[in-house]
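Notes to accompany the following structure.
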Amino acid sequence: MTTITLRLSDLVIMAPECILLLGVVVLTLADLWMKSSRTSIGIGALVVLCGALAAAVVQLVQETDATVLFGAYEADAFSSLCKIVLLLAACGVLGIAIGTPNETHAVGEMYTLYIPALMGAMLLVSSREWMTTYVALELLTISTIVLIGMRRAAIGKEAAMKLIVLGGVSSAFLLYGISFLYGCTGTTYYEVMASRLDMGQDASLITIAFVMIVASIAVKIALVPFHAWALDVGAGAVVPVAAFLSVVSKLAAIILLWRVCVDVLFPHAADVVVDVLFVLVCVSLVVAHVLALRQVTLLRLFAVSGIAHAALLLVPLIASGTRPDVDAWTIWLYYAVAYVLMNVGAFAAISLTHTTGTQPHVHQFAGLVYRAPWTAVAIVCIVLSLAGLPVSAGFFGKLFILLDALSQREGTAGIVLAALIVVGTVISFAYYFRIVRQMFWRPEGPVPPSSVRTRWFAQTVLWGSALGSVALGCAPGWLMELLAQLIAHTVVS
Amino acid sequence: MDFVASAWMVPMLSLLAFGVVIMIGERGKAWTPIGSTIVSGVAAIFACCVWVQQWQERSSYTWAEWRWLTMGDWPVQFGYEVQSLTACMLVIVTMIGALVQLYALSYMRDDGRKTTFFAYISLFTCSMCGLVLSPNLLQLFIFWELVGLCSFLLIGFWFTKPAAREAARKAFLLTRIGDVGLLIGLFVLYHAMPNNSLALIDVHNAVQNGVIPEHTVTLVALLLFFGAMGKSGQVPLHTWLPDAMEGPTPISALIHAATMVAAGVFLVSRTYDVFLASSTALLIVAIIGAVTAVLGAVAALVQRDLKRILAYSTVSQLGLMMCTLGMGTQAALIAALLHLLTHACFKALLFLAAGRVIHTVHQQDIEELGGVRNVLPWTTGAFAIGALALAGMVPLSGFWSKEALFAVLLQGGAVWVTTALCVSALTAMYMTRAFVRVFLGTLRQKNVRASRDIPMGVPLGALAVGAIAIGWPPMFARLGAQLGEGYPHTPAWLVATSLGVVVMGIAVAAYVVRPRVIVASTRARQPSRKKVVPQRRFSGTGARVASILRVAVWDWVYRNGVVRPFQAFSRGMAQLDQTLVRACTEGIGTCTVLIGKLASRAHVGQLHVYGIWSLWGIVALLCFVLWKKV
Amino acid sequence: MHALLAVPFLGALVLACIPSAHMRAVRVVGVLWCCVPLAVAIGLFVQDDTGVSYTVHAPWIAWTVGGTAVHIPWHVSLDGFSMPFVMLAAIVCAVSGVAGFLLTKRWKAFYVLLLLLTTAVFGVFVARDVVLFFLFFELTLVPMFFLIGMFGKYGRERAANVFLVYNGIGSAVLFLAVVLLIVHAGSFAVVGTPTMGNSFTSDYAVIASNLAAMPHDGMHTVLFWLFFLAFAIKLPVFPLHTWMLRVHGEAHPAIVIVHSGVLLKMGAFGMLMFSFVLFPEVLRGAASALAVGAVVTIVVGAVMACAQKDVRLVFAYASLSHMGFVLLGMVAMNDNGVQGALFQLVSHGLISALLFFAVAVIETRTQTSDIASLGGLGQPMPFASAMLMIGALAALGLPGLSGFVGEWLVLVGAYDQWRTLTVIATGSVVLSAVYMLRVVLGIVFGPPPQKHRADVRTIEAFPMVFVAACIVVLGVYPSVLHDVTREATKTIVAPYEQLVDVGGGV
Amino acid sequence: MTQTMTAYVLLAALLFVLGLYGVLTRREPIVVLLCVEVMLQAVALNVLAFAKYGGFEDVTGHVFVLFILAVSAAEVAVGVAVFLALVRQRGVDDVVKLDTLHAERQEE
């Protein structure tokens, strides 16, 4: 029997999460105490995030590669990179949140609650054990539910209710699948489980368990046909929460799927799982794009388009077949960064033009170019990236993904995937450019010109994302090279 | 000075005139027309020098060094070639061009776009000279089209008149149809030629050496002739030529009588080797020429418009030339060219005289004209000379050239010469009719005063002299000899017959068409034009036949057989494109949006529905996996 | 050569910084800046006479980890093949810039977008790297979308949407094709060895040589058709042309100048460079079918042009027909055909610019482009009418103007292979005269209008004269352009001709 | 021993399906939440059965069950809170009526 010990050095390895934990405690107390301006709490949360970001960067630079808690938590370059991406995204979301008028019952919680949710996401990235995974996942989900439900309008609660029920069911499925795997192996650690699984004996059972796990994670990612909640929940949340859902939660779930597939599923049933994912991705690509065509409610639109991007993010995983190589990881990370940039930017744009008390609608962009020409230009950059047009991060992301898909997966499957991606891209022009049309071709709508306030945080987020997108579009090689170098040894080993 | 070697100066002078005149524009309308006329006069004199020198030296000169284009590995060299035929044509073109410009100084005096007119004429002269001098069929084609352009521009010169617009359009399109044939002919030739050369000398050699297969030669010959048909108004592509009379009369004289319309004959002559190598092509040329000659003459007989009579006469004469060329001998070539030469002279004379009448009386309907003799005695004389020359009266130039034609046709066969004699009789008849109607009788228009107009008079005089003098037998024979070997000799009986036919034609026409003498006081009571029922001598069945023969038949056929069906077809196609094709291509997008709408509608917002979807999703995945496993 | 790309882009940035309130400054700077690329292009053209071509080959994007290395070099080159296109683009963009004066509002947006578009267009023509080409190709989409949608008639937005979606489909297909091409043939490894290596490049030259060394397989066919489809939408080929009619009919003439003058040419450029040159074996099998398609495009375009009521639509269908000639010349894939296609492209670009500039001038005076309600403009507007006339005559292939040379070469080239088809195509020359005369005579000839219409101003006259002069020069002495493209064309058609020689003709 | 385990696993499966059925058919939000809870507890039962009769030496399974209990409790707590808020704000006590966010109102 080994005793569970948690040394200080272990805490250092978990530094980003620890900082977040500490931060959330301090901020909650401060919120109780001060009851002062809500913005200061928000800024405090931002500082906490920056601290965690710094910690993650330091870990990355130091090439920390260690496990704690008997391997339940692993900090390596890839997870550090993922955490950095998530943290950056969360910073953006917080920036949007600070720039958005309060529509919730809460005062400080609307900032502090992001932190535990983010913590869940980060733990998910590092987790190598099912219990940890489950707890992290639920931490993420429940915090998000609270964030959604805090909205004053009833639709917020409705959305929260839907997420609770469907999220609960999906968790149940996940756990049910896990329980069978546990039953076959007697362990909850990924690696041990992978080594103990015996496909000869309980093939069907294990396969069913695998499918359940994949499907329940697909619910979190909102792949078709498990996507329907995402539309309603996205539309029911306030803008920053919707951004969080669409960026951080989704990315975390995708990373989880990636991890689980690589560590547990692929060694035993790569072909089956890849087939399942292939079907899901194909269906998602088609349905999401077509579905988005008619959406004019912005949050709903971005919830749907997020599905398509998520499907795209899974392509490198599918393409690799058995064990993703460095390319797949790098490309995935590149597109994840692009995804964060463009989606956070898009939500910042929504928040900036949004009139409090209404559902964000495409019409809110009407005539923006007359009111705020430079904002309009930034939004155009974001839209270009979303639609995958040059010169933007999204363009190269798509290019890399397609290159990878076609070079890794020869034959029809690769071509089908590629064809679906490009067809989807065309359809996406139609709905993304609706925003552009509104901005440039419509006269100013009912929104008074003053509604674009100088919300510096949201503005900064918008500009940061827009410039980041363009910069990545101009010099994509730089980031690719960097990412490849950073994760090379992690993946190869 | 070596005039032959510097023959390029001739078109260049005209081009220069064109450039300068068009650049200066209306600002220089006081002097640019005069300048342009002087330049063209210089060009004409230069051309004469070229001709004379060429005549004396009896040599041809070719310069083709200017690489215009490189097709494949073969450079297309442009340049100019002076030989007897081209030198002769050069003189005709520049001479008549200069005279017409001189004439136009007066004729167009009050026109607002006078300078444009002169610029166009200069451009035309330049293009025509370029055409004539071309050593290369491609170059020839380029100038061929350019003269067509000038013709189009000048027919539509009075562009505010709808009739002029339609005439211009028709002229362009019908000649264009011919040109396309010519173009295809060039493709065929290009591919058939051993080194892809379109130089005339190479074509000559290739055909002579029999390098090109027989059927290809026939094809090329026919296609070349098709081009010539368009330009030279051969049936059925001739209908543009009468309509082209909407243009100013000097233009009708220059382009639509003397020079451009003769380009078809020139083309056939220039590529005569190709035709000689194919008897089929020759036969077709002869048949179409004969048909055109007869139809044109008949149509001229029934026209009311003075200029249209002349236009149909041109059609008829060109048909005669073509028919002669179809005989396929060296003599035929010479005869046709001689007739081309004399025809240019007297037809230009006739047009200019007619123009003088129109300019003075402002009327060109011969039923409304009469007694112009009293106002314009000199013009009457000039017209008479022209008409007699055209009819083929004995001392005049037309007689000699026609005799040559008859001789050649006789060699070809009795049917041809008979046809030609018929045409000759008809020619005499319609010219007599026109002359009697216009110049004899009583003048109906009042307040008609003819001023003494030197710019108009000089060309008339010069051309009248030409129409008489060219036919001076020794000179004429030498001319023929210069053009080539084998000047035809006409048997005496044929000369007699042809003269008899002409005299008979004149007599019949003079008997039937009496000059109309009207007492001025009765005319004064009926000033309105519509009450004057034109009195036709060809009445009853004759009138009906006349109206059919007026060859408006062709217009009817074109309108109902080609234009209208094509318009309907094109409208139908356009409609189809706007509806069906658009629906098929853009329908994909619409369908996608529709599917999106349906899919979006399916998201009813209810937990249970979403849950059931997810459940079915899992079930489906499980089935899929298990199926895969099995 | 990079100045070509940098100058317009810089201009866009500078203009973006001028406040749009200073309308005069915006317009002056805009127009002048539009002419700078032209000057640069002329400079390059003159220097290039010596036969030196400009090429820059530098690493751009590369990542090398594990077993796979991917290189996307920055390979741009200005050779005999791209030179005419660059010149054309420079001229047309400058003309369009001047035509921007005829707009009534939002000059700043116009010039910024136009300059961006110019950058992208130059990029398309000089790129010798597959990814770079695609990038610039896509980059043209966005400014054009805005330009169409912001300026024009009532239906402009629909036109812009249709433009975006259809060209989007085109570039999506292109995207797929590009990626497949890189994966299929971008390998550095020696062809024929069992492992195809894990190192990819998107350099056009490498891909071309790899493809030439590879045995012909099904993937080649797929790629050929993908590329063809992508560019056939852009060119356009019947029946993929409906979007282009909308653009021609609805956008402002200043934009149609660029669209018709340059953007359609990108389709031909790409089709030649990617479909026909890279896959001669496939072309050999498909040439006859494509030639039929080309002739159908020619004839159908011409027939439908005869029935249009709007000047712009007549010109749009005329463009369709002329692009059919281009396609015919390209599929003939011999010296004359390809040269003719290139010539026809340049000439059509100039002619379109001239025609639509004239339309712009006329439309600003009369507020209509309906043939029936125009007429007799020759009297009040002699200059504009003359220019319209020159454009129309050039378009109907009158010798002495540039249109003829292209058609002549194309048809001579095509006659080599398809007799009947060429004759039919030649017959459509008559139709082109029919519709062009219908338009020109309808507008210029006839009784003059009641109202006074002012003739062109100097600023309007200048570009028209310039373009008309170019048309005349090309028509009178085509070797100016022809000699530039000759060597390039020879290298392009050599593999195909070799193939045909070996196979004993198509 | 294996038979016992099979029985437990079957029971757990039955419970899981029952819970799922309840979630998908019941209209009262609180019952739906309870059914979710039933599903989770079915899993817990499953895990326990494996832990007890699977022949594994450690307590992983038991610990897992504890985690499941705790987390599901938290989830239900949030769920009930949201439910109460909904009832208070809108008086909704039927899941079917929770369709304000449906597609038709969000469309163009």
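Order of writing sets the labels: A, B, C and D. Residues in every chain begin at 1.
Keep this in mind: contacts are C-beta pairs under 8 Å (C-beta built on N, C-alpha and C of every residue); 3 or more make two chains touch, one makes a residue touch a chain.
Everything quoted here is computed from the prediction, not taken from an experiment.
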{"item": "Chain whose averaged C-alpha position falls nearest the assembly-wide average", "value": "C"}
{"item": "Chain pair, A-D or A-B, that carries the greater number of C-beta contacts", "value": "A-D"}
{"item": "Where chain A and chain D are represented by their mean Cα positions, the distance between them in whole Å", "value": "25"}
{"item": "Whole-Å gap separating chain A and chain B, where each centre is the average of the chain's CA atoms", "value": "78"}
{"item": "Distance from the mean Cα position of chain D to that of chain C, given in whole angstrom", "value": "63"}
{"item": "Interchain centroid distance [CA atoms averaged], chain B/chain C, Å", "value": "37"}
{"item": "Junction residues of chain D, two or more chains touched", "value": "20, 23, 32, 95, 98, 100-103, 106-107"}
{"item": "Where chain A touches two or more other chains, by residue", "value": "161-162, 165, 169, 231-232, 294-295, 430"}
{"item": "Multi-chain contact residues (two or more partners), chain C", "value": "165"}
{"item": "Touching pairs - complete list by chain label", "value": "A-B, A-C, A-D, B-C, B-D"}
{"item": "In the complex, chain C residues that touch chain B", "value": "162, 165-166, 238-240, 242-243, 300, 303-304, 306-308, 334-336, 339, 376, 378-379, 393, 398-400, 404-405, 408-409, 411-412, 415-416, 422-423, 426-427, 429-430, 433-434, 437-438, 441, 444-448, 477-479, 482-483, 486"}
{"item": "Chain A-touching residues of chain B, taken from the complex the two chains share", "value": "589, 592-593, 595-597, 599-600, 603, 605, 607, 609-611, 613-614, 616-618, 621-622, 624-626, 628-629"}
{"item": "In the complex with chain C, residue positions of chain B that touch it", "value": "67-73, 138, 141-146, 149, 156, 159-160, 162, 164-165, 168-169, 172-173, 176-177, 180, 183-184, 187-188, 190-191, 566-567, 569-571, 573-575, 577, 581-582, 584-586, 589"}
{"item": "Residues on chain A engaged by chain B in the complex (per definition of touch)", "value": "161-162, 165-166, 169-170, 173, 203-204, 207-208, 211-212, 214-215, 219, 224-226, 228-229, 231-232, 271-272, 275-276, 279-280, 287, 290-295, 427, 430"}
{"item": "Complex contact set, residues of chain C against chain A", "value": "60-68, 70, 72, 131, 135-136, 138-139, 141-142, 145-146, 149-150, 157, 160-161, 164-165, 168-169, 172-173, 175-176, 179-180, 182-183, 200"}
